[in-house]
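Structures follow.
Okay, so subunit A shows up in both of these, paired with subunit B first and subunit C after.
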Partner chain A sequence: MKKKAKIGMIIFLIIYFTVGIINAIYFVPKDASEVTQGLASRWIIQISDKNAWYTRLNPLTIAMSWAIIIGLVIFAVKVGKNFKLIPDRKQSLTESIFDFMYEIVESVIDDPRFVKPTFMISTTLFIYIAISNVVGGAVPGLNVSLAGGSVKFTLFTDTFFAPTADLNTNLTYALMVFVISHTFAIKAKGFKGWVKSWFEPNPIMFPMNVIGELAKPISHSLRLFGNVGGGAILTFMLSYLVKYLLLPVVFWGFFGLFVGLIQALVFSMLTVAYISAQIS
Partner chain B sequence: METSLADALIVMGKAIGAGLAMGLGAIGPGMGEGNIGAHAMDAMARQPEMVGTITTRMLLADAVAESTGIYSLLIAFLILLTL
Partner chain C sequence: MEMFEINLTSVVQLMSFLLLLYVLKKFLYDKYFEITDARKEKIEGEIKKAEDLRKEAEELKKQANEELMKVRERAEEIIRKSKEEAENIINDAKKRAENEANKIIISAKEQIERERAEMISEVERKAGEVAVVLAMKILKGTLDEKAKKEYLMKILKGSEK
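Entry: the complex of A and B
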């Protein structure tokens, strides 16, 4: 078992370093302006001539989201089909994640009716965001660059595109959490109690409460977007500064694994916190 | 290649704006994370058996505190690259 892991590690490192050296020899751009050109822009497809927000598509976001969703569904079906008393490796991984999240949710949410729904929402968000951050931050793969108005596909020059590096994905989840928390509040306190909670200390504070509630999804989504998107841009520029040789591995490890996992945990923790603040 | 005065002024404005956004935006998160780290160290010294829990909570609080710094980083990138 241990020898197998060692051999796998060596093969992984050899592939990593070979790809890095190939990158360093063949794919280094000439100057800095070539790198920064079109760096923060996304690949967008225009469906019709009308220039509105609903006629534009982000093909990379959609493709990566569906790839991650299908992978997670396959994993879940595989684990759920043969659920045993003595767990194998996949099952114990799933169980430990669920156990970790359930303990936190149970300690934060007071009302026992809402523990299970909150646990489901926050754990789903955590798993999806963690997988997408790690895939988008630490796994080298297909990269799309928009140099000079044309779309160019390259393999292994950069990491995959993370769906969470697109604000649309994050804003969707943040708004979803917003709606869910208020639905739970209506269920827990009744409609009258919910309306009353807007005028809480005294009616003068109503505008403050509205602004405070509306600021929640914005800061919730922008935090994740800034961390993942900014990490991707920083990785790209720093990799250029060190000529793509060995250090991208370090950046991918930091921005992908460390920051990505922590931000996924923060996102799901804030989900739990917002829901508990609404229903208490 | 000749650059006009207007282009040079635009570049200057971009550089100054991005530098100010990043430099001023880094003050708050720096102080906040310093506070978090200091108090976490205090708590760890008082209760060494709670080190694991305190470290996780400290990282969580750090991630929340640094979000304003991340916003200013995004603004700086937007100014420099897309504006």
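Entry: the complex of A and C
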């Protein structure tokens, strides 16, 4: 480990344990029901007097999402400016991920016209979801607690909030994939061919096909939501059980890195599979 | 059921994602495709270059083999000619030697013949002298000197005939 990284790690551990001791002394609720009370609720704010879906926002989801996007944009600009024929370490990492995804997409998508767009969509989804899951599952940080009906901010009592633990994120992406796959299908088969595909292999199957297609975005989004959301609740409970002080490293590693990365890959692979199924 | 509430966050998330997709496309994906294409072209170029060099090497090898074959044929031709020439020289030398030998033999025979003739004449002459001496010894008491000489000359003339 480099000297700079060592110093950074020592500073982080000092802050982490100091805050952890403060948390353990002042913020640990005596009753476990206090902790579990606000577990299933989300921090939602209303941006106007009218109470409708379009006036309500999840600020934590948007903040975390933007933090990740800004980080990715900075990384992309920095690496993109220095893209060379002989790559450096950052470019190699980027290219390794891209190569891995491109090979999969190229082998699954038959029509070469749709390889690059599918690659871009699935890779962006993979990177974004993977980082969200890892940050939300394995990195201790700012936590918002809604226990007792009030919004309470605490540091290091849990991992950061993962944007993918919010159904808004997952369902949006799943619906986006659904729309993209059908747009590609119309481009590939023509409008008539696309309409015809709903009645295959027999017109009697039309209702089944409709249900099957509508089930895709639901299962696509709920799978990720269940895994990440469930993992987040489990790690939160574990953090409470160890009084927010000791790192439940194994569980954070499992739910954050292992499950998180696998679910990111599953989501992006399903994206490729749905698009492939539509255009073939 | 706040966990399952769908609200304006969806739209914000969609916009955020599209923005991220645009930025990544502009700064990473397009450059990634450019670089991979450039690398592919470079590798293909190198392979083509290597293939050309291999062909050139094969051509040179073929040429070298042809040259070698020609040189070998020429060498064989030279050896064959040399052998023929050597044989000719040997044959000529043999012929010349035979001729020389024949000449020597003929001249030797002639010389022998000549010497034989000379010897014969010498022997005859000597025999004549011996005969004269012998006859003189025989006729010593019977004839005088003059008569002896006349008689002998007569005999000798008779023998020459």
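A few comments on the model shown:
One rule holds in what follows: the second predicted complex is superposed on the first by the 245 of 280 C-alpha atoms of A that agree within 3 Å, B and C clash if a C-alpha of one lies under 4 Å from a C-alpha of the other, contacts with A are read in each partner's own complex, and residues count from 1 in each chain.
Everything below uses one rule, namely that contacts are C-beta pairs under 8 Å (C-beta built on N, C-alpha and C of every residue); 3 or more make two chains touch, one makes a residue touch a chain.
Fair warning: this is a prediction, and the values are worked out from it, not measured in the lab.
In the superposition on chain A, contact is made by A:D166 with subunit C only, not with subunit B. In the superposition on chain A, A:N133 makes contact with neither subunit B nor subunit C. Between subunit B and subunit C, the partner in contact with more residues of subunit A is C. Touch criterion met: A:S65 reaches subunit C, while subunit B stays clear of it.
Of the two partner chains placed around the shared chain by superposition, subunit C is the only one that A:W53 touches, whereas subunit B remains out of contact. In the superposed pair of complexes, A:L265 makes contact with subunit B only, with no contact to subunit C. When the two complexes are overlaid on their common chain A, residue A:G229 makes contact with subunit B and with subunit C alike. With the contact threshold set out at the top, residues 40-41, 229 of subunit A are in contact with subunit B in one structure and with subunit C in the other.
Across the complex, subunit B is touched by residues 36, 39-41, 219, 222-223, 225-227, 229-230, 233-234, 262-263, 265-266, 269-270 of subunit A. If you check the complex, the residues on subunit C that touch subunit A are 2-14, 16-17, 19-21, 23-29, 31-35, 38-39, 42. Across the complex, subunit A is touched by residues 59-60, 63-64, 67, 70-71, 73-74, 77-78, 80-82 of subunit B. On the subunit A side of its complex with subunit C, the touching residues are 40-42, 44, 47, 53-58, 61-62, 65-66, 69, 72-73, 76-77, 79-81, 83-85, 94-95, 98, 116, 119-121, 123-124, 127-128, 163, 166-169, 171-173, 176, 229.
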